[in-house]
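Each chain gets a letter, A, B, C, D, E and F, in the order it is written, and its residues are counted from 1.
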Amino acid sequence: MKKVEAIIRKSKFDEVKKALHQIEVNFFSYWDVTGVGNEKQGHVYRGISYSTSDIQRRYLVIVVSDDFLEKTVNVLLETASTGNVGDGKIFVSDVIEAYRIRTKESGSAGIN
Amino acid sequence: MIVQEQEAIDKAVEAITGDMGALWITLAAILVFFMQAGFTLVEVGFTRSKNSGNIIMKNVMDLAVGSVMFWAVGYAIMYGSDLVGGGFFRSSPSDQGYFFFSADDWYNLFFQTVFCATAATIVSGAIAGRTKFSTYLIFSAILTTLIYPISGSWYWPFDDDAWLNTAGFIDFAGSSVVHAVGGAAALVAAILVGPRIGKYVDGKAQAIPGHNMAFGALGVFILWLGWFGFNGGSQLAWGGDDTIGATSVIINTNLAAAIGAIGALFFTWARYGKADISMTLNGALAGLVGITAGCGSVSAWGALAIGLICGILVVISIEFIDKKLKIDDPVGAISVHGTCGFVGTVLIGLFALDGGLLYGGGAKLLWVQTYGSLAYIVWAALASFVVLFILKKTIGLRVSEKEEVEGLDIHEHGIEAYPEHISQDK
Amino acid sequence: MIVQEQEAIDKAVEAITGDMGALWITLAAILVFFMQAGFTLVEVGFTRSKNSGNIIMKNVMDLAVGSVMFWAVGYAIMYGSDLVGGGFFRSSPSDQGYFFFSADDWYNLFFQTVFCATAATIVSGAIAGRTKFSTYLIFSAILTTLIYPISGSWYWPFDDDAWLNTAGFIDFAGSSVVHAVGGAAALVAAILVGPRIGKYVDGKAQAIPGHNMAFGALGVFILWLGWFGFNGGSQLAWGGDDTIGATSVIINTNLAAAIGAIGALFFTWARYGKADISMTLNGALAGLVGITAGCGSVSAWGALAIGLICGILVVISIEFIDKKLKIDDPVGAISVHGTCGFVGTVLIGLFALDGGLLYGGGAKLLWVQTYGSLAYIVWAALASFVVLFILKKTIGLRVSEKEEVEGLDIHEHGIEAYPEHISQDK
Amino acid sequence: MIVQEQEAIDKAVEAITGDMGALWITLAAILVFFMQAGFTLVEVGFTRSKNSGNIIMKNVMDLAVGSVMFWAVGYAIMYGSDLVGGGFFRSSPSDQGYFFFSADDWYNLFFQTVFCATAATIVSGAIAGRTKFSTYLIFSAILTTLIYPISGSWYWPFDDDAWLNTAGFIDFAGSSVVHAVGGAAALVAAILVGPRIGKYVDGKAQAIPGHNMAFGALGVFILWLGWFGFNGGSQLAWGGDDTIGATSVIINTNLAAAIGAIGALFFTWARYGKADISMTLNGALAGLVGITAGCGSVSAWGALAIGLICGILVVISIEFIDKKLKIDDPVGAISVHGTCGFVGTVLIGLFALDGGLLYGGGAKLLWVQTYGSLAYIVWAALASFVVLFILKKTIGLRVSEKEEVEGLDIHEHGIEAYPEHISQDK
Amino acid sequence: MKKVEAIIRKSKFDEVKKALHQIEVNFFSYWDVTGVGNEKQGHVYRGISYSTSDIQRRYLVIVVSDDFLEKTVNVLLETASTGNVGDGKIFVSDVIEAYRIRTKESGSAGIN
Amino acid sequence: MKKVEAIIRKSKFDEVKKALHQIEVNFFSYWDVTGVGNEKQGHVYRGISYSTSDIQRRYLVIVVSDDFLEKTVNVLLETASTGNVGDGKIFVSDVIEAYRIRTKESGSAGIN
């Protein structure tokens, strides 16, 4: 099992979600985070113009079985991209075990 | 007693009664002024947080621009003379001339100004979340300078030149003159601007929940409050019969709002299995808009009937416009102000104690009310269409997709309304 | 001067003074109306966000239902005649009959209606976060139709049939008639509904912080504002001595609120080491409730004394009810309206310039005030108990555990009040 | 007609007109009272959420403390006699004596009390987010007991002892007496307290966005609303010419606010490429402060000129104070109330219909206005400096770094204002 | 050391927290996320009834030493469960190193 | 590649961020969480004094290449510390793969 963590633009979320559903990745969790990176966003507040690299992003955690990994990553790379600086990152790491709380099943039965 | 004495007394009474009337109208206008805050809160509350700052700016600015333009031009047009087009347009300004100046009529200008701002602000809600700020400013300026003052001139100068007044049309405080006009402009604007991205997916209407029902509710309380000034103040006097008139107007107003909320509550409860918050709030507003025309001519029973009809109708109208017509009106402005403004005006034809069909007055009033209200809607729709169409072809109505998706606040105004806010909007 | 002339002048003066009084009462009623928004904000602010929509609905609906029912039935009962039970119940309706209609008394209906809505809305805060919406609606309808109007009929018709009026009882604007009645109903309701899940763990009261102190504060400012209408308007006239009366009432009201806040601030500061925000806000309200009965009969010094006592007492009462009695009242409604309503009424027995113990008036007034106020509390508690007990045995008072834990908004109304909100409530 | 009769009529008219004036002043005072809520919301909205509870407490308490102290001492000083220092201080109390008691002047006390609270509350915004609560309370008490009443005594008793009145100074509703005084105190306080941590990094001003623009906007609407009472009520009468006076004041007030917002909008739009929300809101307030002095002496054109100048100036002033002077004023109180209060007072010298330079009145008025306003600023600055300097050396002005960074709410008051709130403030 | 990530119902949090304290797992971090999964929640808004699988959940991160892993997972499986769809998931993964910032200790001393 | 997760005091964030920038760690994501641990915070609400160990913290996720790991951790240990209970924790774990969505690059090119 792998954990895919994707940090994407909030504006791309709807598309990404739809695409994930299409490849039958129907289980994940997400929340909003502030990202620091290359992209800058211009602001003005009370006469002070400033540009900040602290930009709101959406953080997705998707735990998938190994055979889903590739297509999940590919879908994310496809649909989350705009081609502009600030599209975000995907990180993949190992998960040792997963449990579904309701049934107490573990292993790949635990993730979806 | 010698006649002279009585005359002196009468003169003194008249002067004081005039002053008391001015006091009431001034205070009523202050209440109506506050409705701007109510509209702002309803619109902010019923839309997503990423556009809240933009909505605030639109509401502050239509008040600001409207205050100046109505003083400069609008009032002169509304109360002008020298008619063109069979009474439809007044070509020469009022006695005050442009740039209103009068020794003794300031309170009237103030009262009319806040009404004008109300008409303007109705549009802002219907096109929230995707409209260019500059475009809105221009449209709002034209609405307060020309479109609304011309509407007003058809009826409210209460002179022989006001063709709807001559026709026997009744619109006490402006269900049509203010609300249906605003609602029709909102309808045209919402159509021309188009729906928000994500509102219709595969042709199906999606829910885009507003981010703060507490703001929405506070807004509705403030509007309800302000409406006592809106309707009660339209008595335009206080003292003797006018005291009775104004206070009965206030009771009618309150009853219609109350039953409108009750109607919407139970109707949605039955229909969706849930007591819908924002619809119930809209129901109260629907009752208020509906009774605005008739609050001076119907009994408490009539007010209840009109309020109940409008409270239920607004739910149906919102659904119809949203799902069938596929026009995206985030706050229900078209239904609340347009539909209920029209229906409230027409229902006077049934419920007016003097002349209503149900009170044996025949169908004449019903007919006048119908064509009068339709005239307002057609006028506002046409005028708005022309203005917005030109704006569309020139500077454009809509922000870019990127700006809309990321929020108008950050792009048009450089900052979010709630910079610390972490959202989960979908 | 010939007598005739003076009479003509007097008649004119009386008419105008009457109109001016009506204007003041109408405006005061509009201010009192706005208190609904204040109550809503305080209740929303002092509870968790998952129930905010439900609180909004309860407050909108008790106003709506109360407006209709008090017009239809309540007023007739309150001002009726033909007594039963030694003056406790009026069996025949007022001159207006049911479904109030009067040529010249609309402002009075309006003023009484908003008072009635105030009494109803007090209960909503005490049972926030776990009560069934339908049950609340029914209870609130009964309260505005029967329980409160009967309370009112004991004193406010100011006629010989009003037994507490005859007894010499003083309750200028309703510390007992409105607030203690609401507070007693709230007490019974809070007991019968039971505490929110998680409020008492191993018998120890837990803090469940409200989610928005800014709403709470805005609510208190609005209530404080509205109270100038509540108390000042209860002068029921304007002009000459009534001007002096009403404005001295306003000063007393403001001083009591101010010192109530100051008292609660320093008392909590000393007691907990922190200047407690929500308690200080409650302190202002406590001062307002306390002075409501006596604002027309005490001096500014008396107002300060009553306000200070109530401001400190409310803190003690809230703690006692919460920790000792283990009754869960999220917003402190029982203490603010019940405790301070009672105490404020009784303290007139000490501080009344005319008849107060401290001013040499003996203990008589103190005694009348005490049993009068207790009569109100007993009546409201009994009547509420009967109604709520029946409701409990039939449709039930409380939502399911699942609904309560996940929030009333989503289950009763289908949507959160702040759908974008990410919380950290524990 | 016999003279006697006319005299009887005149007497009746005078009495009623007096009562009507009292009604207007009372209602105006109620509107001004509500400005406290407006200030609170603006301050809360324009600062970070971690200090919202503290700001609420400061605003509630300066109202509470001010209400009591002005009643007890302030009024006596303001309307006292027996001058010291060439008219600068009144050493013996007013006719009412300390602890105001009057049979017929309560509404005046009320009106003056809410003005006093306004002056106090201005300071709170400028020092938000880092000031000790106890220190603020003491300073606020002194301001309402001494500093402001002495300011008032220079002009508003309108007697020969009021040296600025004698000098021909014009400040209708207090651009200088209230706002510049508050602004100067705010300036001194902001300097002495020092900037918030993180406000200046390597000598460069940083943006610290306020957390809720909707609160800010609602606050501005409430202030705008209240200002109709602030300026209109300062007519201090109603009826006949006073009706005309008060309503023309209201029109001037509204126009100045409107054009102030418009000015700030377009100025910031041109300057930063974005239509700045909080600056536009400040622009409306700037127009209101600016017109406060002259609303009774200028035409609508003059009001527009003053409003526009102030609306643009406030933006420049905020930038200057923030970036050049490096004084941290989170809400712009110094610029809105101080700068625009001063400039608005001075501009009367140009725009007064009677005596203004542009209307051929020569430079005399301009000169009186300038030194009058400067006298207020110097007085308020000096007095505040003395008080705050002593406080700094004794109990200290500022919370510890830890308290400031983690938020005043949790440390001073034991709870966050929004305990469920998850922030992303940087 | 293992990292236990649990996505649970918000309504179960109090119970879970108490149970964790009982087995002396006194250190963890949590925040609220939106979960996409099998469970659906019915909504109505302005006349549009819809059901969404985007439901608020609470996300817990608990880093434990290996010998605490089993009981931590067991406690979570026990107390977070209602038996209905939507009870959530538990993921276990490896942690290479942990530091306590205050003391700069690392290893198992770093986690509690 | 390693994932560094740091749970720090909110009040230390500005300093930490600056220090990270100085060692050229310019990419990370953060959000606010509630932490349960040793530190207690006193509260009073409506007469109930209570102390809670649920304290707001900031959660940072920084994915770094292996050679950046040490200095990243050291900088965090230095700058996030006040010496008082509640300074927080740092957890290090393995990342298998990282992608930059914009360019679809993977590996160390994917992380910064």
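Note that a contact is a pair of C-beta atoms (placed from the backbone, for glycine too) under 8 Å apart; a residue touches a chain by one contact, two chains touch by 3 or more.
Protein identities per chain, from UniProt: A, E, F = Nitrogen regulatory protein P-II family; B, C, D = Ammonium transporter.
Everything numeric in this text was worked out from a predicted model, so none of it was measured.
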If we look at chain D (Ammonium transporter) and chain E, which chains touch each of them?
-> A, B, C, F
List every chain that touches both chain D (Ammonium transporter) and chain F.
-> A, C
Numbering shared by both copies at the chain F-chain A contact, with half separating same from different | different
For the chain pairs A-D and B-C, which is connected through the larger number of C-beta pairs in contact?
-> B-C
Compute the distance, rounded to whole Å, between the mean C-alpha positions of chain C (Ammonium transporter) and chain D (Ammonium transporter).
-> 33
Once you find the CA centre of chain A and the CA centre of chain E, what distance in Å lies between them?
-> 19
Using mean C-alpha positions as chain centres, tell me how far chain C (Ammonium transporter) is from chain F in Å, no decimals.
-> 51
Any chance you could list the residues of chain D (Ammonium transporter) touching two or more other chains?
-> 5, 9, 12, 16, 20, 23, 27, 209, 212, 272-274, 276, 278, 413-415, 421-424, 426
Chain F, residues touching no fewer than two other chains = 31-32, 34, 43-45, 49, 56, 93-94
Can you name every chain pair that touches?
-> A-B, A-D, A-E, A-F, B-C, B-D, B-E, C-D, C-E, C-F, D-F, E-F
Chain E residues touching chain A in their complex are 2, 5-8, 31-38, 53, 57, 59, 73, 76-77, 80-94
In the complex, chain C (Ammonium transporter) touches chain F at residues 205-207, 209, 268, 272-274, 276, 278-279, 315, 318-319, 322-323, 332, 424, 426
Touching residues on chain E, where the partner in the complex is chain F = 3, 17, 26-31, 61, 63, 93-102, 104, 110-111
Spell out the part of chain B (Ammonium transporter) that touches chain C (Ammonium transporter) in their complex, as residue ranges.
-> 1, 5-6, 9, 12-13, 16-17, 20, 23-24, 27, 31, 48-49, 209-214, 217-218, 220-222, 224-225, 228-229, 232, 238-240, 243-244, 246-248, 250-251, 254-255, 257-259, 261-262, 265, 272-278, 280-281, 284, 299-301, 304, 421-425
State the interface residues of chain B (Ammonium transporter) toward chain D (Ammonium transporter) in the complex, per the touch definition above.
-> 2, 4-5, 8-9, 12, 15-16, 19-20, 22-23, 26-27, 30, 33-34, 36-37, 40-41, 44, 52-53, 56-57, 59-61, 63-65, 67-68, 71, 99-101, 103-104, 106-107, 109-110, 113, 133, 212, 215, 409, 412-422
